[in-house]
Structure formats: C-alpha cells, structure tokens
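Shared chain: chain A. Partners: chain B in the first complex, chain C in the second.
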Partner chain A sequence: MTVNGPTIAFLILASLILSAAVYIVTTRNIMHAVFVHLLALSSVSGIYILLYAQFIAAMQVLIYAGAVTTMVLFALMLVKPKAGMEIALDNQQKGMAFATAGVFLSVLLVVLVPKVWATSQEKLTPLTVAKFGKILFTKYVLPFEMISVLLLVALIGVLVLASKEEE
Partner chain B sequence: MGLLIGIGLALLVIVLVLTHIIVFIWCELKIFAHIMDRYGPIETGKFHGVLQPFADVLKLMNKEDTVPGASDRLIFKVAPFVVFVPAFMAIGAIPLSATLVVINLDIGAFYIIALSAFTFVGMIMAGWSSFNKYSLLGAFRAAGQLLSYELPFGLTIAGVAMMASSLNLITIVNKQVVPNAFIQPIGFLVFVIAAEAELSRSPFDIPHAESEIIAGYHIEYSGMRWALFYLAEYVSLIILCSMTALLFLGGFKGPILPPPVWFLLKVYVLFFILAWIRITFPRVRPDQLMDLGWKVLLPASLLNIVLTASIIILLPDIWPVALAVTEFTIVIATLIYLGRTRR
Partner chain C sequence: MSEYLSAYLNVAMFAVVAFCFVAILLGVSAVVRPKKENPVKLEPYECGMVPFGGAWSQFNVRFYVFALLFLIFDVEIAFLYPWATVFRELGITSLIEMLVFIFILLLGLVYAWKKGVLKWV
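Right after this comes the complex of A and B.
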C-alpha cells in the first residue's frame, strides 16, 4: 500500500467510521449515539468520493445524514419524553446476542480471510450521473423496480397503521 | 503549491461571501425600514448608517459566549458548526461565469441540496442540546418545515435537469437560450416559494416565530456562536438566490456586460425581491405551511416533471415552446380560478 493522498484520506475516514460505530454501541446516551451516527454516515460518503462516485456520495449525505437521522431523532423524541437522559440499554438477551454475533463473525472469517482479493489495474473514472442513470435503468432496472415496490408497500403499511390509530 | 493556491482561493471566497453578507444585512435593514416608512440605521458611520453591520459584528465578537448549565455542552458547542460549515461548502459549487468557479462538479445542483441536509440535523442538535422547551419546539418546527419543503425543492431541480440533461450548473446555464423561468413557470414559482420556506424567512419564519417561541432553536446561543447561525442563514440566502438565478434566470448569461456582473445583478435583484416578500407578508400558520407544502407545491412540482418529460418525448422538435405554452396556460387558469373563488 503506497502512502498517498487517497490512502491517508481513506485511513482517516475508516478510523472515523469505526470509532464512531464503537461509540454508538457503547454509549449510554442515545441522543449522542444518533449524532455520532451522523458522523459515521457522512464519513461513508467521504469513502464514496474517494471511489469517484460523487452522485452516490451526495445521495448518502441527503438520504442518510439528512433524512434518516432526522427521522430517527423525531422518533426518539416522540416516544421518550426525556430523550438524552442516561438510560440502561441492557436487556435479557445478552446470550442470544453473543451467539448471533459469534455465528456471523465466524461466517465472515471463514469467507473473507482465505480469499485473495483481486485488484484491478484499470484506472478509476468518475461515475457521471448520466452513466449512473443509464446503468440503473438498463442493467439494474429489475432490482430498482423491486426496491420501488418495497418502498411503496412500506408507505401503504404506514398509512394503514396511522389511520387505524386515529379511529 | 497546489494546496496553498487552493487554501488561498478558499479564503478569497470566504472573504467575498462575508463582505456580501455584511452589505446584504445593511441593505436589508434599509429596505425593511423604507418599506415600513421609517429611516432604519442612520447614525453609525455618518452616511445612512453604513457602518451599522460592522458595529454589530464587533458587538457580537465582544459578547460573552454563554453555555447554559443544564445543557449538553459538547453538542451545544458543535451545533453551530454543523449548520455553518456545510452552508459555506455549498458556495464553492456556484459558478460566477463559465470559467470562474471553485469546483465544477458534475452534480453541482444536487451537491448543493445534499449539503443543506446537514442544516436540519444541526438545528435539532442546537435545539435539543439547549434543554429548553422553546428551543426544542423551534428545532422540531424547523426540521419539519425544511424536510417537507426539500421535496418540492429537489423535484423542481429535477425538472430543470431534464431540460438541460445535466446537473452541472454551468451546462444548465449554457443550455438556456431563453431563461428557464419562461419555459417552466410552474417550476420557477414552486422553486422560489420552496426556497423561501427553506430559508425559514417570513412568511415562513415559523421555526423562530418570536411571538410564539421566542427565537426557536438558537434561543440559548449568544455571541459568535449565535452569529454563526445568523451567518449560515445569510449564506443560504446567497446560495438560494444564486441557484434561482442559475437554474431559472439564465445565470451569468446576458448581453454587453461581462458574465459575473450579470450573475451578481440577478442575485441582487432576487435578494431585493426576497427582502420585499419578507417584510410585506404576514406569517403563515403551521397547518397552512404543511398544506401548502404537501398539497400544493409537491403535486405542482410532480406535474411539472410529468409535463416536462412527456412534452420532451412527444414533441422533440418544438418542446420548449410547447412546454412554455402548456405551463403558462395552467398558471393563468389557476390564477383566474383563484381570483374567482377568493372573493
């Protein structure tokens, strides 16, 4: 690994993302977790920029850093009158959690560790919006439409739930 | 060396923007005053109070930076920067002419909207961390309003991008033979109203309605931290005026005068119109705000997209004329209808 601008930027971003992630799961203040989550999400958009995917980076900021974080904040403040107070985040499922995480970790280790990653000699070219749109609406049109249907289902589900509560 | 030039240019942009803001603040004070039939600042600096904004800045710098004892100190201190820094980052993507731009991004228009997403979170951070009921209310109002108006705002930009088949601001300007406002009047009107709401300026100043919730999310801030919120608001004002000029009014294009002059002239005219709107319209209620956003502006912006797309596909040769005729007919018909029912 050569030391150059992108590598340094990647290392900074990666350490930011990882330390933010660790902070999120260890902190007892749930509001702090949300705000540090914002840091992690915006750092991920930095990684996209390093990969020349400007459009996806901007999307990451708009959807995740903006909308999703705001939604999480809304939800937290609506259900908890004293959001931000130190609360016990433990429950009775520690054993289960460790078992699940352990299985997942071992699967990842088995799959990822022996693999030799192929490196491409091709030079990265910036992914323009036009190229992105063409790929999205030709090669990946089926997954794209599937996601649209999924979101529509979620939207209708929310409407049904909300109208039930009103009665 | 390249890095040093970059830093120098960035500083130059910051200085330019800050100078503009100071002049804008003075102009706004004067415009408001004269519309209300009074003088406004008149003493400071001999000539019509021109030094008033400088005096304000000095006062703010000297003020004590108070942090409420019960607040969440770290988030309280970080919040102004989360609002301020992205606002300044967006300035870099705005072209003053076909060549005079800090970063010529392929996704220029979209980059500016994406950065504004940080504003919501910054406002909620400020409002929540103050542990003050009014500031929390203000933060929620701000987040609700900005999120609702982000949709029509983004969708009208999509309409413009379809006509130019690009999101690059310079390409969008270069492709405008006639300013887009004359081809897409629906998009233009929706964009300007949504921009006004995004700025949360009166008539949409619900997030900091003084008579209801004092000052909204920045109620506990003082000194330079408060000034950062204030500055961020004016930076967003400049950005949105520039976006309107670039997307709908032909940007830096114009006869005789050099491009940057045309661009700045358009921005100043828009600034004047926004100040005029701000001082002459009463504040809307939150329910009226939501009605306008979701029931009028969002359908209108979707209609704009559908019309643009179908006319470009169906009439590839004469689409600008056809689109202009269709949209103007709809706008005029709506105005006549409203004129008859609102008597």
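Right after this comes the complex of A and C.
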C-alpha cells in the first residue's frame, strides 16, 4: 500500500466509521447511539467521494444522514420510555455472539488476506451527475421505475402498520 | 493528486476547522468557567417554569407516518436532480419516464390521503 492523500483519507474515514460503530453497540444511551450513527453515515459518504461517486455521496448525506436518522429518532420517540434512557446491553448469548464473530473474522482473514486483488491501469474519472443521469434514464430505466414501486410498497406498508397501531 | 480529490480536500479541511472550532470553544470554556453546581442550576431551562416529566416522552404514531412520507418524497426529489441535468439531452422520453415514476409515488400519496393520515385529529 502506497501512502498518498487518498489512502490517508481512507484510513481516517475507515477508523471514524469503525470507532463510531463500536461506540453504537457499546453505549448504554440509545440517543447517543443515534447521533454517533450520524457520524458513521457521514463518513461513509466520504468513502463514496474517494470512489469518485459524487452523486451517491450526496444521496448518502441527504437520505441516510438526513432522512433515515430522522426516521430512527421518530421510531425512538414512539417507544414509551422506561425509567431513564439506559438500555440493557447484555444477554445470555454473549459467548455465542463472540464465537460466531470470531469464526467469521477468521474466515475473512483466511480468505481475504492471501488474495492478490486485481488492479486496473485505467484512470478513474469522477462520475458526474449528468453522466449518472444519462445512464439511469436510458440503460437502467426499468430499475429506476422499480424504485418507485418499492417506495410505494414501503409507504403502503407503513400506513397499514400505523393504522393498526392506532386502533 | 487529481483535481477532483483536491477539490474535496477543501471540504475535508472545512470539516476539520468546524470540528476544532466547536471543540476549542467548548474545551476552553470548560477549563475557564467556575463550577458551582446546585440542583436548581442543573435543571433544564424551560422558559423559567419548573420542568415536569422527562425530556423523552412518547409521541403519537402519526408523526412517524409524516416522517416516512417525507422520506419517500425526499428520495423522489433526489432522483429529480440527475433527471434535470440530462432532460435537455434526452427530451420527451425522459419526461415520460419521470412522470411514470412520480405517478406511481402519487398513488401512495392518494392512498394516504384517502386513509385520512394527512388529517390531524
């Protein structure tokens, strides 16, 4: 690995994401977890920028960091708060979880570390929104229309669930 | 470094400066200010009234529906942006494609409307 600007940026972003993730699963205050989650999501958009995907980075900030975080906050607000905001983190499956995660980690290490990744000499060019739009509205127009069906399903699903809740 | 990445270096520097700005302000004031706490001082400020209940209360499920409606149309608007950049080039075809997209989502809005979730009772 050569040490250059993008590599340093990647390492900083990756350590931000990982430490935020560790904080999220270890903190006892669920509200803090949501706000640290926001940091993780924003750092992921930085990774997208390093991958020359500007539009995806903007979508990440707009939809994940903006709207999804709001949704998670709303979901928490719906829950009747029990005494204080503390949550129990432990259960009896802790040992099992460690074992499973350990096995998964060792599989990843065995498979991924010796692998020599193919590299391309092709020069990366930033994906502009115009280029993205052109592909989206010509070659990938059917998946694009499917997005609206997916969103419709989500919308109707939440309306049905929410009205059941109110009864 | 490419021109593209050095442009985003500005964004990174801006983020670092913003973070340091807040951290230094809060840090310095935490070091300098006197700390004489008493129960009244530690209460949250609620327009001078004595606060009652916790800060976290249960919300009506209707807020959630509004938030989800917002999220869905947020995604829709985000797709309008790449469409706007290529509209001149692709012309009427892309207009029809976008109208179909919006129409399908509007069905959801009409359903929500008919179900009365937009009305606050």
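We take it that the second predicted complex is superposed on the first by the 128 of 167 C-alpha atoms of A that agree within 3 Å, B and C clash if a C-alpha of one lies under 4 Å from a C-alpha of the other, contacts with A are read in each partner's own complex, and residues count from 1 in each chain.
The rule we apply is simple: contacts are C-beta pairs under 8 Å (C-beta built on N, C-alpha and C of every residue); 3 or more make two chains touch, one makes a residue touch a chain.
Nothing here was measured: the structure is a model prediction, and the numbers come from that model.
K.L.:
Please indicate which partner A:9 is in contact with in the superposed arrangement: first for chain B, second for chain C, both, or neither.
P.N.:
After superposing on A, A:9 lies in contact with chain C but is clear of chain B.
K.L.:
Contact-wise, after the overlay, does A:129 reach chain B, chain C, both or neither (first, second, both, neither)?
P.N.:
Touch partners of A:129: chain B and chain C.
K.L.:
For A:144, decide between first (touching chain B), second (touching chain C), both and neither.
P.N.:
second
K.L.:
Taking the superposition on A as described, I'd like to know which of chain B and chain C A:52 touches: first, second, both or neither.
P.N.:
After superposing on A, A:52 lies in contact with chain C but is clear of chain B.
K.L.:
Return the chain, chain B or chain C, that is in touch with more residues of chain A.
P.N.:
After superposition, C is the partner touching more of chain A.
K.L.:
Under the stated touch criterion, which partner chain does A:22 make contact with: chain B (first), chain C (second), both, or neither?
P.N.:
Touch status of A:22: no partner.
K.L.:
Who does A:77 touch here: chain B (first), chain C (second), both, or neither?
P.N.:
Both partners.
K.L.:
Tell me the contact category for A:38 with respect to chain B and chain C: first, second, both or neither.
P.N.:
Only chain B is touched by A:38; chain C is not.
K.L.:
Quick one: classify A:103 as touching chain B (first), chain C (second), both or neither.
P.N.:
neither
K.L.:
For chain A, which residues belong to both interfaces, chain B and chain C?
P.N.:
31, 55, 58-59, 62, 66-67, 70, 74, 77, 126, 129-130
K.L.:
State the interface residues of chain A toward chain C in the complex, per the touch definition above.
P.N.:
Touch list, chain A to chain C: 4-6, 9, 31, 46, 49-50, 52, 55, 58-59, 62-63, 66-68, 70-71, 74-75, 77-81, 85, 126, 129-130, 132-134, 136-138, 141, 144-145, 147-149, 151-152, 154-156, 158-159, 162-163, 165-166.
K.L.:
Which part of chain B faces chain A closely enough to touch in the complex?
P.N.:
Chain B residues touching chain A: 72, 75, 105-107, 110-111, 113-118, 120-121, 124-125, 128, 136, 140, 143, 147, 150, 165-167.
K.L.:
Flag every residue of chain C that touches chain A in the complex, lowest number first.
P.N.:
1, 4-5, 8-9, 11-12, 54, 56-59, 61-65, 67-72, 74-76, 78-79, 81-86, 89-90, 93-94, 97, 100-102, 104-105, 107-109, 111-112, 115, 117
K.L.:
Which stretch or stretches of chain A touch chain B in the complex?
P.N.:
Within the complex, chain A touches chain B at residues 31-32, 35, 38, 42, 54-55, 58-59, 61-62, 65-67, 69-70, 73-74, 77, 83-84, 126, 128-130.
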